[in-house]
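Multiple structures are listed underneath, in structure tokens.
Consider the two complexes below, in which chain A is the common component and chain B and chain C are the respective partners.
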Partner chain A sequence: MTDAYNEVHIDVGRDFAPTPGGRYRRQSKWSGEEFRETFLEPPLREGKTVVVDLDSAVGFSTSFLEEAFGGVIRKFGPDIKGRMLIVANARPRRKRQAMEYVDRAIAGYE
Partner chain B sequence: MQSPATSDCSWCLTDWVAVAGVVSQAAVAVVAAYLAYRANTISKESAFVEAIVAELLAIRNQAQSVSVAYHRMFDPFPTRQDKEDAYRSWLSQREAVGDRLSALAESFPEAMPVKRSWGDLDECEDSHLFSADFGRNPAKMAKAAYRRAFDRVVDTISDCMKALRRR
Partner chain C sequence: MLFVGRLDLISNAEFTRRSLSQLDVIEPPKRPARKVVRIDLAAIEEIDPSSLLYIVAQVDRLAELPGISVTGNFPRAPEVMRFFNEAGFLRHMRREKMKAPNRPTLELCSGHTSKLFDPEEWQHLYAFLAAHLPPGSDLADTIWNAFSECIENAHLHAFENKVAGGPWHALAIRASANAPARAVIVDLGVGIPRSVRLTALEMGRVRLNQAVRSITALWDRALELAGLSDQIDDDAVTELFSMIDTNDAACLWLAAQGLRTETQDRERGTGLPGLITAASETDGAVHLLSGQAAVTWQGGRLLPSTGRLTPLRGTVVCLEFTGQLSEVATP
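So, the complex of A and B:
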């Protein structure tokens, strides 16, 4: 994880886990809930932008992605989307999937 | 001076035979070109259909491997490393199928139902996997739901292949 100026870069596979788990901490290690609470929420609370790179992980369960990224929207509101950049240059489908959960959470926010 | 047309009908006949020859040669050339074009089109279409069918068959086989990898995770594992290896295998294989289906659906929109059914299976696997601890058998209901979702994937692949072969 690199923290420069107002931006934090997180490489999920390297900084968190190469094989992320399920949705909640109680269900599995390396859950989406754990990732959101320990990696995404602290810098977002400090007003920073997070850049999350999904490329290097082996893969993601759907519930991990939903809880991590949809969960941020549910907790901080739709405007936080502008400070959460998801990157997956080598595996673009991962980004599309994560963004789908972000948009669904925004649609269900109000 | 008389024109050949009025003076001698033999010129007229010769001329028309020549013209008819040219016209018929042109017609033969046009028909030949059309037939070649059709054969080319049909062969391209047929090659396309065969390629899609081959890809669908490959996806079906890979989906079956994902199913095996998924069910392996409910087996008791001798070591924690074995369990993690099984999880790693499932994660990477299911994503590979998802990627292939997305690529297929982009070039062949009729494959969208297969992609959707794969998405349903994906979510079904996910919810069962993380609601039942590793090393424990999923509940009977979960197994039945999984079976239905998996059968749906196979059915949509079969439907897609049938539609392709009717083209």
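So, the complex of A and C:
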């Protein structure tokens, strides 16, 4: 994880786990909830932008992606989307999936 | 307990289910008596990966029952015997730790839902299939998702007593000259129809539908809850429900669309829909077997239902990956 200026870069496979798990801590090792609470929320609370690179992990379950990225929207509100950049240049499908959960969470946000 | 002929849970469903259901009815003897269960596999002529894994899971279950010893023989047909050998079946019957590295055609592993969900447990299955993919292929993600979603579903929904939990089994088999690469995940839990959430109103509607053979009301309710009422035309609805002709099949379909999960959380139920989408993007197939039903999505399309079948314990998910995986000369 690199922290420069007002931007934090997170490589999920390198910084968190090569094999990310399921949704919640109580059910899974390397869960989406753990990733969100440990890596995404602290810099976002400090007003920083996070750049999350999904390329290097072996794979992602949909529940991990939903809890990590959809969970951020549910917690911080739709406006946080502008400070959460998702990158997956080698695996564009991962980015599409993650963004889908972000958009769904925004649509369901009350 | 005799198994004969062609066992294939996908293409020879009813015959295979009747045959495999012999394993369901065995109960532990009254103490201090002991019971020997002999599994006679000699006359099996063909077997598909789903049936093989189901037998492995059942042998595992029986061996855990108090007072039961499991014994048996191997199929005489050379190709079937090789298949069982590569699955490490003999060691499995002897209750030795399952490890079968460097098998030519398949990899098998098992885990228990009482432990935390941990993808490292089955990473070697993914690696086994992904080794034959072009670098950077999206199919690798599809395979990863397949194992991940199904095993996570087993953790979350398969067993009523979640603390005690139960085992899951997973198998990866490479593509061969006459069959695609496949991933199979089996649990012997309560099954999807018993684990999806149905409201009391819907239960009433299901019973009514049984009587009048009309499932339209359930469908309308599902669309209303999903906010899709305006997006699907009536002809498509009629066609769909002509395919889904049992309640169990409807439950499988609803679960696979993410319209029903065990909980009411809006964000839940992402697993099976994601799997079907991913499989359709790679022109693969998803077979979902549970209760009295089996439903199949081929290239993203729901195929006609096979009707009411002999009940199957737990859930079997079989995914077929076509196209980009390289072949090996195997059965």
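In the analysis below, the second predicted complex is superposed on the first by the 110 of 110 C-alpha atoms of A that agree within 3 Å, B and C clash if a C-alpha of one lies under 4 Å from a C-alpha of the other, contacts with A are read in each partner's own complex, and residues count from 1 in each chain.
Keep in mind that, in the parts below, contacts are C-beta pairs under 8 Å (C-beta built on N, C-alpha and C of every residue); 3 or more make two chains touch, one makes a residue touch a chain.
Note that the coordinates shown come from a computational prediction; the quantities given were computed from them, not determined experimentally.
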{"item": "Clash or fit (per the criteria above) of chain B with chain C on chain A", "value": "clash"}
{"item": "Which superposed partner A:Leu54 touches (first chain B, second chain C, both, neither)", "value": "neither"}
{"item": "Which superposed partner A:Ile86 touches (first chain B, second chain C, both, neither)", "value": "neither"}
{"item": "First (chain B), second (chain C), both or neither touched by A:Gly70", "value": "second"}
{"item": "Partner chain(s) touched by A:Leu40 [first = chain B, second = chain C, both, neither]", "value": "neither"}
{"item": "First (chain B), second (chain C), both or neither touched by A:Ala98", "value": "neither"}
{"item": "More chain A residues in contact - chain B or chain C", "value": "C"}
{"item": "Touched partner set for A:Val8, first chain B, second chain C, both or neither", "value": "neither"}
{"item": "Listed stretches 182-190, 200-208 or 218-226 of chain C, narrowed to the one that overlaps chain B", "value": "182-190"}
{"item": "Touching both chain B and chain C, residues of chain A", "value": "19, 21-23, 27-28, 58-63, 91, 93-94"}
{"item": "Contact set on chain A toward chain B in their complex", "value": "18-19, 21-24, 27-28, 58-63, 91, 93-94"}
{"item": "Parts of chain B lying in touch with chain A, wherever the complex brings them together", "value": "84, 87-88, 91-92, 94-95, 98-99, 102, 122-123, 126-127, 129-131, 134"}
{"item": "Contact footprint of chain C on chain A as seen in their complex", "value": "19-23, 27-30, 58-63, 66-67, 70-71, 74, 90-91, 93-94, 97, 101, 104-105, 108"}
{"item": "Chain A-facing residues of chain C, complex", "value": "116-120, 123, 126, 136, 138, 140-141, 143-145, 148-149, 152, 155-156, 266-267, 270-271, 274, 281"}
